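Same chain, two partners: chain A is paired with chain B first, then with chain C.
Right after this comes the complex of A and B.
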């Protein structure tokens, strides 16, 4: 049985056995490059569930939407490796009750970044996409292009070492443990190798594009403050213009608020309508957290988030030193 | 009206001639994203995109706009001595959006003349502007301008309509301002009969590429009747309430005003706001009438397809498809409207 059929069967069983009230998964979207979230409450809807290269959304974000909208429900959720870490982080941070969630892992081979796809087509509209597992074929008006699927994968996927859920109740297929990835820190090391003025110029060029739509924040399962600091005006902590200083402060504060909590799923970067390289700073900070506290966000269901824990043997020098 | 032809080889001369009197804006790329930028020559223009990533509204209604500045010496209005603006390459969806915004900022049609609110910051830029359109020969699959009275060759809001006909642009004045400018500039020739025939053929080809719209008659009334229905919870379930749709939308025009000051000096800035954000309706008491996502999504749909049409007789959506393209969760407004049609008939 194919992976997707297996997933659908699992959803039906969970609903039939009344183990859950609803199941959060993806379905085919209205555009060839987009899947869309689906909330299944009855068995007959389960056949709409899909999982493929277009399923970039981290669905854990829905647990904390509208002040924990599902807190009185038993919820099943389909997760990639990164999404599973978000669920775990949300559990550790007491946003989800572990007993109320059925974590259902799906085997992930990476999700696409639309920006990379449009680079391939020189901005021409994609009307059809076929992914055979190795090669992706794009079709549009007057063109057809094929290339290795790794060329359009999200940068988060290219650096991923946990493609499959490490904590889950059900896994569709055989879950892989940590996988070797020589590109894990490649982009970060390249960034670090730049001079400080180059890093500043690079970061400035990225954040200058920001239009303050907060798509990055709103798709992020780690960004769930009841009232975000940008949504306060008494006092107003930061300016809301899209001048660089205002935007930079927003992104740096968000970056530090998710320190030790960012699972590097890349949902922020894929959601950004201005194609800002949002993962760069987040991954740099995640690397620092790993280096200093030995912690990878959302990996250990029995652990504690790095910023909520203290160990005597931690490095005591200044965190960003 | 008289159609003229501009040889593309003379395009730079045309832009140069236009620049004598006008600041010229056209589609261009900034850091890989397309939007309308000031240009001095045709070489800076991006001719490849059907729909630019950011709409043309920001030319006249920028994301952040200083309204006035103050210090110990008093209050000073923000600098308003702009040269008039000419825009090249505006698609029909964006040109129509400016007509819709002008009703709000410039000349509310239902008000008596002396009570009309006239936003000086908008008026000063828009009223003196000159809009060169650009008909769409290749509409995208996300385009739905034909749902609400528009179309790839619609001329609403343009001063001069422009058709890209291979080696030449075929231009036709649509307004008085358009007739004046065509009379003033010199770098083109009168169009021939075959040019007119070609423009008509391209227009009918483009129209035939559009997908037939669903029935949108009476949409506003249907929406009003659905205000309290559970359908909004279903529609908004996947929305994460970011502002990508509202900020990329050519017709969304809600704004916030903030005072940015220190000590005795500062400025008041008008900044794009979004009905998707919780603070948008947060009241001083702490109560938020639109605390939940469903209420905010409903507001956006109602404003576009019910409230604005009630006030001004036309939908506040030009079907440009930008919100469809940028939505991070693929909440497709076309699907929402189709759902509303069906819900009304079957479930209410």
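Right after this comes the complex of A and C.
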């Protein structure tokens, strides 16, 4: 627990030295598999801060969705690698001022996807979870299950190449740079190898599940339009129904809106109550953006978001000759 | 019932492609009558949502055309548009929309002939694909 103790100590120091007014971090949730956001304003609250496999929330979402509350405050925030990229992106897009935020990186080894845990336990209640770094043990009434950690990790974590913050003021421990991950685009390549009609059948089956609850949009730190295009009704571009084409277009356009801005934190996929493989499209778009424009969202604090930029000599193979 | 004819939406920029279409007409060039033209101020004005909406409402294909790179009336509108299309097209192909349904081209005000060629080509491509079914809203 030394990492968490260091984190708490850092928060206390920052508050004591009046470097921040507020620190955003996670605390233990009321259920064994959950963590909830915690807003610390006084030193004695710092001991409630935690960071472990359950801390999936991308906390940078508060900067954009709760903008007014933070505009005149100095804020410290605990970030995983993906969250740090979100913060950088928010800074690039002038949603927050770099001088007003103390980015505090924590070493991330992946976060869990609750839906995968429920599959493991057949929906039985989990009373206790022990994570020793390699295996996870779940305990409940009349059962105890042990398995490899990777089996319950969020799909975003399985494809992660930047587990630790690349841009930060403080890092608890030693930050790792880019790590190799041969699984990163495996799923995409496999899908691309299918025929067009097979791909369509799969996509249809996946997105037909959508119930338009907008949980994916609401947890996304990159989705912060004052009026989202789906909530707009003059002109009402797309229907607010669960009819397949309506939801498919919602997802396509949402993907394009976060093109070059999605940090693949996987918050959308974990929030999805229908278990839709949302990250697949995000990852495909990120891959396309990287190949064509060489940009990776939220890595370069002096850069520009890919879709707000251009070069004159770009590849234009898709333009009719 | 008569033979099926593709319906294609052509979104053309005011300064180049629309004038190119005009020139094709004035020069009495022959091209298939399958396109319906929407004039926009600049190809940069084209939101991918317009394209999705047209597919949803039953268009069999969409052509978006703007000024050649470097010729944009608003200096950089078509460069911004190019990035959008560069991501949109592979994404739609990835989910399983037929690649030729959506096409992009650059046509200048002087290229009436090219306009006729592009429209002929896209009409042929879409005729081969048949009626669009995949993203069409059926109620």
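By definition in this document, the second predicted complex is superposed on the first by the 310 of 321 C-alpha atoms of A that agree within 3 Å, B and C clash if a C-alpha of one lies under 4 Å from a C-alpha of the other, contacts with A are read in each partner's own complex, and residues count from 1 in each chain.
We take it that contacts are C-beta pairs under 8 Å (C-beta built on N, C-alpha and C of every residue); 3 or more make two chains touch, one makes a residue touch a chain.
Since the structure is predicted, the reported quantities are computational estimates derived from the model, not experimental observations.
A.B. asks: Looking at the combined model built on chain A, do chain B and chain C fit side by side or clash?
C.D. replies: Partners fit side by side after overlay.
A.B. asks: Counting only touches as set out at the top, which of chain B and chain C does A:61 meet: first, second, both, neither?
C.D. replies: first
A.B. asks: Just chain B (first), just chain C (second), both, or neither: which does A:103 touch?
C.D. replies: It touches nothing on chain B or chain C.
A.B. asks: Touching A:256 in the superposition: chain B (first), chain C (second), both, neither?
C.D. replies: Only chain C is touched by A:256; chain B is not.
A.B. asks: So if I put the vertex at the Cα centre of chain A, how wide is the angle out to the Cα centres of chain B and chain C? Nearest 10 degrees is fine.
C.D. replies: Superposed on A, the angle at chain A reads 90 degrees.
A.B. asks: Is A:88 touching the first partner chain B, the second partner chain C, both, or neither of them?
C.D. replies: After superposing on A, A:88 lies clear of both chain B and chain C.
A.B. asks: Between chain B (first) and chain C (second), which does A:37 come into contact with in this model arrangement: first, second, both, or neither?
C.D. replies: Only chain B; A:37 stays clear of chain C.
A.B. asks: Which holds for A:157: it touches chain B only (first), chain C only (second), both, or neither?
C.D. replies: In the superposition, A:157 touches no partner, neither chain B nor chain C.
A.B. asks: Applying the touch criterion given at the start, work out whether A:196 contacts chain B, chain C, both or neither, answering first, second, both or neither.
C.D. replies: second
A.B. asks: Which holds for A:240: it touches chain B only (first), chain C only (second), both, or neither?
C.D. replies: In the superposed model, A:240 contacts chain B only, not chain C.
A.B. asks: Could you tell me if A:77 is touching chain B, chain C, both of them or neither one (first, second, both, neither)?
C.D. replies: After superposition on chain A, A:77 lies in contact with neither partner.
A.B. asks: For the superposed arrangement, tell me the lowest C-alpha distance between chain B and chain C in Å.
C.D. replies: Minimum C-alpha separation, chain B to chain C, in the superposed model is 9 Å.
A.B. asks: Can you list the residues of chain A that touch chain B in one structure and chain C in the other?
C.D. replies: On chain A, the overlap between the chain B and chain C contacts is residues 239, 243.
A.B. asks: Over in the complex, which chain C residues touch chain A? Could you list them?
C.D. replies: Interface residues on the chain C side: 48-49, 52-53, 56, 69-70, 76, 79-80, 82-99, 103-106, 118, 121-122, 134-137, 139.
A.B. asks: Within the complex, which stretch of chain B touches chain A?
C.D. replies: Touching chain A: residues 30-33, 48-50, 53-54, 63-64, 138, 140-142, 237-238, 240-244, 246-248, 256, 258, 260, 269, 271-272, 274, 277-279, 282, 292-293, 324-326, 328-332, 334-335 of chain B.
A.B. asks: Using the touch definition up top, name the residues of chain A that touch chain B in the complex.
C.D. replies: Contacts found on chain A: 29-31, 34-39, 57, 61, 65-66, 122-123, 125, 127, 141, 205, 208-209, 211-215, 217-219, 227, 231-233, 236, 239-243, 267, 270-271, 273-275.
A.B. asks: Of all residues in chain A, which touch chain C in the complex?
C.D. replies: 191-192, 196-204, 229, 237-239, 243, 245-246, 248-249, 252-253, 255-256, 259-260, 281, 284-285, 288-289, 292-293, 306-307, 309-312, 314-316, 318-320
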